[in-house]
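In this document, chain identifiers A, B and C correspond to the written order of the chains, with residue numbering beginning at 1 in each.
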Amino acid sequence: MPNPAPETSQFSITPVSLWRRATNNLVTAAAVGAVILVLTPLAAIFAYLVYKGIGSINWAFLTQTPKPVGEAGGGMANAIAGSAYILAIASCVGVPIGIGAGIYLAEYGRNRLGDLIRFTADVLNGVPSIVVGIVAYGIVVLSQGHFSALAGGVALAIMMIPTITRTTEEMLLLVPNAIREAAYGLGVTRWRTTLSITLRTATSGVITGVMLAFARVAGETAPLLFTAFGNQYWNWKVNQPTAALSLQIFSYAISPFDEWHRQAWAGALILIVLIVGAVSAVRIAAGRGMLKGA
Amino acid sequence: MGVGIKVEHLNAWFGNTQALHDISMDVPANHATAVIGPSGCGKSTYVRCLNRMHETIPEARATGKVRMGEVDVYNGTPAVQIRRRIGMVFQKPNPFPTMSIYDNVAAGLKLNGYRDRRRLDETVERSLKLSALWEEVKDTLRKKSGASLSGGQQQRLCIARALAVEPEVLLMDEPCSALDPISTGKIEELIFQLKEKFTIVIVTHNMQQASRVAEFTGFFLLGKLIEFDKTEKIFTTPSDKRTEDYITGRFG
Amino acid sequence: MPGPQPVAKPEVVSTSRVESQPLLKAGSGDVTDRIFSFAMLCCGLSVLGLVALIIFELVTKSKLSLHAFGWRFFFRSEWDPVNEQFGAWPFVYGTLLSSFLALLLAVPLAVGVAVFITEMAPRWLKGSLAFVTELLAAIPSVIYGLWAIFVLVPILRQYVEPFLGRYFGWTGLFEGAPYGIGMLAAGVILAIMIVPIISSITREVMTAVPQQQREAVLALGATRWEMIRTGVLRNARAGILGGIILGLGRALGETMAVTMVIGNRPEISRSLLAPGYTMASVIANEFSEATSDTYLSALVEVGLALFLVTIIVNILAQLLVWSVTRGAPARGNA
């Protein structure tokens, strides 16, 4: 059993008194309590989403557009499609730039400029999404004169780029230098090595990063409020306002109609299933993918 | 047919630190030349200067003249071309982990624009036979990844990969130091056969290996070439006292 | 026997050698290399360009308002679009109050969870708990808001706020009718939202503390809590502080969930039960309906201030976190 520590101990730990043991147990209890307190809302959110949402998800919901105010029925088909559309635009812009910047940082950017870009990317990650919306409004909506899917896509792309950049860099740096040297030794040019050897070796990790960024922006609402703006009808034109799942959930939730509240829950359930599905798939792929990369 | 390499007054730096001092050496064609010396004496740096791998390190540079046959390695020819004619095998086997055995061997060809399936198949088979790996992998060429082989097999795979682009010179930077004795023996046997077709320069810290495998040997110390002669002479009657001290184990 | 041999005549080698040079068709790639590295550089510079673009847009579009109201804009309380009088103080107040309330609630919980996962949880539990906490971070803001409106607010309205009003009303913090909607609701939902990020950074810096530190304290006869306190938390405190500040940054910029439960009234009240308004919320609610240029400009100015504040807070946080984890590439903030 513990002896009293010598007087010279800098921590001046007293013998394991009842007080010390009690404190220890109290802290453990508090930590467990914290975990329970944190997990409770999580469980509650999922529970309510299923409880309130599942009843309203039916074929009509998934294939119809919203009905006019006050009428029952209708669905969020255009919103689901619109979200996919906007995300596709965002990915086309954000993914190449993000991966390119990541390649720059890993292969060419071990210098001051690279440090600056790295730092800026981290800072960019913290910009509030509503501010990104303002910027996209200024660049796209104002110059075109109307809300559009393109504007929404640009806003989301701005949010995807820093995440993709940093994860791509991280994955590329994991590729051992010996692999690059093997390629150089064969007389392969540097750009070919970077694309066909280094990037190829890191592919699964890079894809993980892209999907994480994708899942993150899929649920964003604020940047779409005055860019894509929303739409009661179908829209496939890149230059017109477009519905989005998150926007629809928002406007239904704050409306005074019970019917719309019901649909908001259903839409939210669909959204969360898609996002959690994407995040989990990424996690599983990462568990297997990591073994391939190194 | 291999070619010889003529090195004149080669100096190399890492940043401000000079790693090689005024090296001059004639590497004869179609023979194996060993480069020996204690750790840090510049042997790896020297060999990496021959195929311009040295300059891939940031802040590294080299001056001097290196001629491979008729070609001036440093002036006039792009580094990439040089590296296609001088192959390299590294200390730790480094097959491309996401590629199959076939793709590994074919990598040098494919990445340099060569696409004809039949020629690729022939070259892969020939290279794997040259590196004595064919029998062991011929059934799983496309199914197994390069990284799933044992250490000795991986190194032979890397040798096959280097040979597939048909270089004239093969540089080997301590190719056996990460391998077990049996694999080492197999690779030494391989070198013995390969030198009929290629010029080989092999860096080794193992003097017995040098005497087994190479006809000529150069002894390096602190970035300088102390002595270069037939292996037999270096190991029995070295001219320089420092060589003698190293060989007899006084240091290193 | 392999060994030193007399110099032998070179033998005839494979005849395909002479034809083999054309085998390698690709060029030396010098030009392509330069084009490629330039293209990658452009991608890298675009990151810098984005930030510059953001600053440019925010500054130019808020010029009108800056000229009209100057810096006192942030200390005036009048928000009257009809008469074109704009003062952002209620929003600043609301943002600060809701964020600090959220921190107050979130920090003990987040650190508690992090301590539990890192130091107390059995191995089989660690992974799943960590995953679940990160799942919290993946839930979109609008879904938090949805849940908050229909589940959290009624609970606050029926149970929590009357309770607080009755027993703690004397503090002056809980005056007024319990609507449910208001500052308290915003603070609570924000707290739930920022727990994952504070917790994950705290876990990261705690894990970065070397095992020897823990063992040194234990060897002196400390209890587990004492070991955690002196051996881990003390060493990691810069990083934990960084995580907290990062959480603050997140709370400051959070829009949707707050907008849905804070009541959206530009008023300043001491009571946490009263409705309020935040900088992000006013932009979200009024931007697409701003009728005049000055109105829009005022909103952009609010956005500019929000941007500057969150940038400064985030930079500070990053520096603190890097000081403990030595600047390894940061994971994207989930």
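Assorted remarks:
Convention: a residue touches a chain if its C-beta (ideal position, glycine included) is under 8 Å from a C-beta of that chain, and two chains touch if they have at least 3 such contacts.
Given the structure is predicted, the values throughout are model-derived calculations rather than measurements.
Set against the Cα centre of chain B, the chain with the most distant centre is C.
Across the assembly, the chain pair joined by the most C-beta contact pairs is A-C.
In terms of Cα centroid distance from the overall Cα mean, chain A ranks first. Chain B and chain C, compared by their mean Cα positions, are separated by 51 Å. Chain centres here are Cα means. That of chain A falls 47 Å from that of chain B.
Between the CA-based centres of chain A and chain C the separation comes to 12 Å, rounded to the whole angstrom.
Multi-chain contact residues, meaning those touching two or more other chains, occur in chain C at positions 24, 26, 28-29. Multi-chain contact residues of chain B, defined as those touching 2 or more other chains: 80-81, 84, 111-112, 165. Chain A has residues 187, 189, 192 in contact with two or more other chains. Per the touch definition, chain A reaches chain B in the complex via residues 110, 176, 178-179, 181-189, 192-193, 196-197, 200-201, 203, 292-294.
Interface residues of chain C, counted against chain A in their complex, comprise 24, 26, 28-29, 32-33, 35-37, 39-48, 50-51, 53-54, 57-58, 61, 108-113, 115-117, 120, 129, 131-136, 138-147, 149-151, 192, 195, 199, 217, 220-226, 228, 230, 246, 249-250, 252-256, 260, 280, 283-284, 287-288, 300, 303, 306-307, 310-311, 313-315, 318, 329-334. Note for the complex: chain B touches chain A at residues 51, 53, 56, 58, 80-85, 87-88, 90, 92, 94-98, 107-108, 111-112, 158, 161-162, 165.
Residues of chain A touching chain C in their complex: 2-3, 5, 9, 11, 13, 16, 20-21, 23-24, 27-28, 30-35, 37-39, 41-42, 44-45, 48-49, 52, 96-101, 103-105, 107-109, 113-114, 116-135, 137-139, 158, 161-163, 165-167, 169-170, 173, 187, 189-192, 194, 209, 212-213, 215-216, 218-222, 225-226, 229, 246, 249-250, 253-254, 261, 264-265, 268, 271-272, 275-276, 279, 283.
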